[in-house]
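Look at the two complexes coming up: subunit A is in both, with subunit B in one and subunit C in the other.
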Partner chain A sequence: MVHQRWFTPWVLVAPAAVWLVVFSAWPAINTVILSFTNAKPLGGGHFTGLQNFERALDDDQLLDALINSVVYMLVCVPLLTFLPLLLAVLVEKRLPGITFFRTAFYTPVIASAVVVAIIWGWLLSEHGMINGLMRQLEVIQEPLPFLTDRWLLLFSAISLTVWKGLGYYMIIYLSALGNVRRELHEAAAVDGAGPVRRFFHITVPGVRGTMLLVSVLISVSALRVFSELYVLSNGTGGPGGRDMSVVMLIQLYSRGFTGHLGYASALSLILLVITIGPMLLLTRLGRNS
Partner chain B sequence: MREKLLRYGLLLFVLAITIGPFLLQLSTSLKGINEDIYTATPRLLPSEPTLDNYVQVMRTLPVLKYAANSLVVAAIVIVGNAVGATLAGYALARLRFRGGRLVFGAFVATLVLPEEVTIISKLVTIQSLGLADTLLGVALPGAIGMLNVLLMRTAFAAIPREMDEAAIVDGANAWQRFTRIGLPNVRGMLSVITIFAFIGAWDDFLWPLIVLTDPENLTLTVGLNYLNGTFSANPRLIAAGTMIAFIPIVIVFATLQRFFFRGVEEGAIKG
Partner chain C sequence: MRKHWVTLALTAAALTGCGLSGTETPPQQAASPSISGSITGKVSLQTWALKPKFTAYVEGVIDGFEKKYPGVEVEWLDQPGDGYSEKVLSQAASGTLPDVTNLPPDFALPLAKQGLLLDIAKADQKAAEEYVTGGLDAYRFPGTEGTFGYPWYLNTDVNYWNAELLTKHGLDPKKPPTTLDELIEQAKVIKDKSGGKVYLMSRKPGLMDLANAGVKLVSDDGGSFTFNTPEAAALLDKYAAAYKDGLLPKDILTDTFQGNAKLFSEGKVAWTTGGGNHITSLQTDNPSLAPKVVPSQAMGTPPLYVQGLSVSAKSANTPAAVALARWVTNAENQAAFAHLVAIFPSTKASASDPFFSKSDGTNASEAKVIAFKSLESAKMLQPVQFNGAMDKIVNQQFALAISGEATSRQALDDAVAKCNDLLNQ
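Let's turn to the complex of A and B:
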């Protein structure tokens, strides 16, 4: 059943295939090659064996970045797995004006992380509204250094990521809630089960697969965080540069006179290795259930 | 009734949390120098609204040029994805060919690769193509997204096979089947990938930050970060700058949101 010339499919696939090779496959291979060299932003490099990886083992800033990533992940995963599910349940019912609310809740997702981080940076600054409000309510006497303390800065960035992610995962859950059988809810309501019990006994089991997927997506994106920390710290990585993420380190070494593309590539491979963990977990758990 | 009130109460509470900060920023951008913005309870409505801050920020930095640059990048990315991902998606879903499964597998394999892992070598590639510090260099890598190819493939695959077979009996060639049966049936997915191509290109920060160096020729997000670092003493100007980046995308999304939410209900977005 051949009703096309043999080359037609290839012509159609060709542009995407070229992109696949030039901007995905080759860069992946080249990252591995570069990680064994001392390539600089200006000019080639020489093979230096495992030197970049040895350097990484001794790099205190990388160690901090990895600790930050783990903290980021541990806080983001539970919050962004549950809060958006609650939001999805809240906007699921077709009430008048619900489209407006769904769109509004999605707004932080479509805004650039830069815009969002600048706005929150202003709210969280020393003279910002959040410090102002807390002082007025006499929760605190002195302004809290949200943007200049090693841990407060990290948690500020985390709250920003959570705030910005709510709408994104809400939509994924909304799509999944459509598949939870309505009759189950109705039957349970007839049996006298309240909304809280129905949530835990019908909704949660009904979207368990999606929750798993969502938590993996959150883990991976927490490990890849960049813009929030970069903008909130004005590109400095906070006090002593201790609030760097792995991607910030990659960016740091990508340009200028301090640049070191070989080392940045080694860091990229380390990033790949840590993001593969959650993904493997997903396929394993997916197979069991 | 009580349940309805409770629901609307909660909806309004979440609304305040999600769009409150944007409204405050919009309000700050419209406030004149006589109005106090350093207060714990800023007024949402400026007492004397003024566009002065917008004029000022455009004088300080070539903000309009940055916006135009972002638009150029977004245009290239939108056209590239609409054409490239659609054609490839069609071939992978509807045409049988030797090596097709292998090509499909290669597209899937790229998905485990976080974008940030390859940015350094993408930078090297862009530099060796002579595109360092150019808008084309910013736009090119994202001009055909691998995920978009797979999404379009899924959309084309959902069209019943009998429609193709009937067309083949009528003597339609591959191109005619693509334009008459394929395209009209994937408009939902096509609009979803174009909306996201625009949002992605307009909002992107890390990649243009790495590629572009000339402060005269930045995209809006990179320029905004520069503004934030350089003029942090004047929050009104910065607020005006963020609104210039934020408002266009809100308009685009508000106009096209029904396509997006229809796509969601059809199950287009599953992560």
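Let's turn to the complex of A and C:
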């Protein structure tokens, strides 16, 4: 029998612990510290109390960004919680050629977000395919401003996120569906329950835990959305910057030689607090049910 | 319960990817160490995206330097095009700035303010005799005393017109517009004749357009932006009217300047602006379009773009660093560089070089000559304090004004207020 020294577990856990402290815990603590300073990339800064948070309260662009992020979350959470489940139920069946559909639905997930957003930019631009098609069909006379109107740009980005996320969450649901006992479906079928009733009374309760997990993941990623809005608006955040997300705002203030690290850190903390809200709510909902 | 909160907070922190870094380096006074002394030992040179296209050229310049000064060894670092400002920033913050670094003026300004760059006006008084004034002026900043870089090469903008599109739609490529009003007038002609399929104008105005309209962009002490004037509002109003009349593509509201050049190379718009070598680039991007392009001088005062080499104030080998910066930027080496790519030397000795002032008859060569002549009157139109974040804010506010969602005056007031916020906080 191999003799185990007392420090063996510590040695094994050390690399991961060091990684966590250096790249996760310390940056998080540093963000809190910086949020109470007027730090800049060069020249440091000094303690300014709650000044950055007071500035955030007066920042109309932050208000727009928060509205965008919340709308993003409110639309994405239900769509990306239920649509992938329906897809998973469809492709779960063992039919000839079903692998093709599973692969097709998953393909957008592996494509780079930036590449996908550029392709969508081509589709949605003034002279893009969608406007061209609608004009050919005489549905519209003038091109729709998908990329230059505040709300159309936001919903274009949301559509892109939903389309790209479907396959990813479908895979999560596929593994969860494997744990729903087949006998329950068979017994319900014998009792005369149709596919819709079986879906709502057997499948949904069987994957409720996974739905909660998926909702939490989507709410967090929706609140910190960046690449879709960034690429579709060419980094401008749309006219007036009203299509910026909170992360885009953080990027605006944190980059460059004269970046406002203190204010960007305060925005990060505000985003953190906002992110905890939906997580708590969803966790409580899950516990109650 | 407490454990539950802590777990949630840590999870959320990890998921939102919190974390920024900052340094606590106090500002320092600009140093001016002596440049006299033996030129020997190791010295580092950092360039920006010159590999692999100009590897042979730079290696040749370095070989020449090492031959001239036996005992000196140059370490050449070339950084990729993307993320260069972040790279320089991290080097400056960690005290690892190379001895000689390629810094455009807007990168050099914050480093100079922190005393990280050598004041060459103090350290090397002969520089003023050898480099053009405009180039040296680009490295003199409001609020600081000194000159913080050797100008390396210069460029400006030239107008490029698609002669085929202009002729097809009833315009004369030999008489291109020279003012904004003429431009709008001709843009109407193209729109009407092409049924709205071809555009002449395809970019939003920027601060340089305001400067050309006589708007004072920044206060004399450089401490605040001042471009919210009636003249600036009048210019934005003209663009807003043109946008409403369909003379500009709708997508320009979120398009970057690159969008304009891209639409030109795709043959969708008939006008763009670019450096002296734009036709050479077009020969690769769209070879059939390149011969149909007619260059002309930029409207108003041509903009001056400057690249330079700055010497670190903390260099352990200042004599060799200054000698290297001077060597790379001397007339001979700059001229050799300018023969490879359409840039223009910043040394007074190069002004009489016929290579830049005489055309071989091709449109690419015409563009080069126009750019070279434009440099005589070119000025740095954009204030050096104006950084990327400010540019984004101006872009956003001007888009609001042009789309008619805000009045020009309101958009300008907001842009100035936000830019001043960034400048002064």
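In this text, the second predicted complex is superposed on the first by the 279 of 289 C-alpha atoms of A that agree within 3 Å, B and C clash if a C-alpha of one lies under 4 Å from a C-alpha of the other, contacts with A are read in each partner's own complex, and residues count from 1 in each chain.
Just so it is clear, contacts are C-beta pairs under 8 Å (C-beta built on N, C-alpha and C of every residue); 3 or more make two chains touch, one makes a residue touch a chain.
It should be emphasised that the depicted structure is a prediction, and the values quoted were computed from it without experimental measurement.
Chemist: Specify the outcome, clash or fit, for subunit B and subunit C once both structures are aligned onto subunit A.
Modeler: By the criteria stated at the top, subunit C and subunit B clash after superposition.
Chemist: Taking the superposition as given, does A:G45 touch the first partner, subunit B, the second, subunit C, both, or neither?
Modeler: Touch status of A:G45: second partner only.
Chemist: Between subunit B (first) and subunit C (second), which does A:V220 come into contact with in this model arrangement: first, second, both, or neither?
Modeler: It touches subunit B and subunit C both.
Chemist: Per the contact definition in the header, classify A:Q136: touching subunit B only (first), subunit C only (second), both, or neither.
Modeler: first
Chemist: Regarding the shared-chain residue A:A28, is it in contact with subunit B (first), subunit C (second), both, or neither?
Modeler: It touches subunit B and subunit C both.
Chemist: With the two complexes superposed on chain A, say which partner A:P9 touches: subunit B (first), subunit C (second), both, or neither.
Modeler: After superposition on chain A, A:P9 lies in contact with subunit B alone.
Chemist: On the superposed three-chain arrangement, identify whether subunit B or subunit C touches more subunit A residues.
Modeler: With both complexes superposed on chain A, more residues of subunit A are touched by B.
Chemist: With the two structures laid over each other on chain A, which partner does A:P84 touch: subunit B (first), subunit C (second), both, or neither?
Modeler: A:P84: touches no partner chain.
Chemist: So, A:N234: does it touch subunit B (first), subunit C (second), both, or neither?
Modeler: both
Chemist: Mind working out whether A:I110 is in touch with subunit B, subunit C, both or neither, as first, second, both or neither?
Modeler: first
Chemist: Once the structures are superposed on A, label A:S265 by its partner contacts, choosing first (subunit B), second (subunit C), both or neither.
Modeler: It touches subunit B and subunit C both.
Chemist: Looking at subunit A, which of its residues have contacts with both subunit B and subunit C?
Modeler: In the superposed arrangement, which is not itself an observed complex, subunit A uses residues 23-24, 26-28, 30-31, 34, 39, 127, 220, 224, 234-235, 254-255, 261, 264-265, 268-269, 271-272, 275-276, 279 for both subunit B and subunit C.
Chemist: What residues on subunit A touch subunit C, complex-wise?
Modeler: 23-24, 26-28, 30-31, 34, 37-45, 125-127, 143, 145, 147-148, 153, 220, 223-224, 232-241, 252-265, 268-269, 271-272, 275-276, 279-280, 283
Chemist: Could you list, by residue number, the parts of subunit B that touch subunit A in their complex?
Modeler: Residue positions touching the partner: 4, 7-8, 10-11, 14-15, 17-19, 21-22, 24-25, 28, 38-42, 83-85, 87-88, 90-92, 95-97, 100, 103, 106-107, 110, 112-125, 140-141, 143-144, 146, 149, 168, 173-175, 199, 202-206, 209-210, 213, 221, 224-225, 228-229, 232, 235, 238-239, 242, 245-246, 249-250, 253-254, 257-258, 261, 264-265, 267, 269-271.
Chemist: What residues on subunit C touch subunit A, complex-wise?
Modeler: Residue list for subunit C touching subunit A: 8-27, 85-86, 88-89, 92-93, 107, 109-111, 113-114, 116, 249-251, 253-256, 259, 268, 387-389, 392-393, 395-397, 399-400, 403, 405-406, 422-423, 425.
Chemist: Could you list, by residue number, the parts of subunit A that touch subunit B in their complex?
Modeler: My answer: residues 1-6, 8-10, 12-13, 15-17, 19-20, 22-28, 30-31, 34, 39, 87, 90-91, 93, 95, 99, 101-108, 110-116, 118-123, 127, 129, 132-133, 135-136, 163, 166-167, 171-172, 174-175, 178, 213-214, 217, 220, 224, 226-227, 230-231, 234-235, 247, 250-251, 254-255, 261, 264-265, 268-269, 271-272, 275-276, 279.
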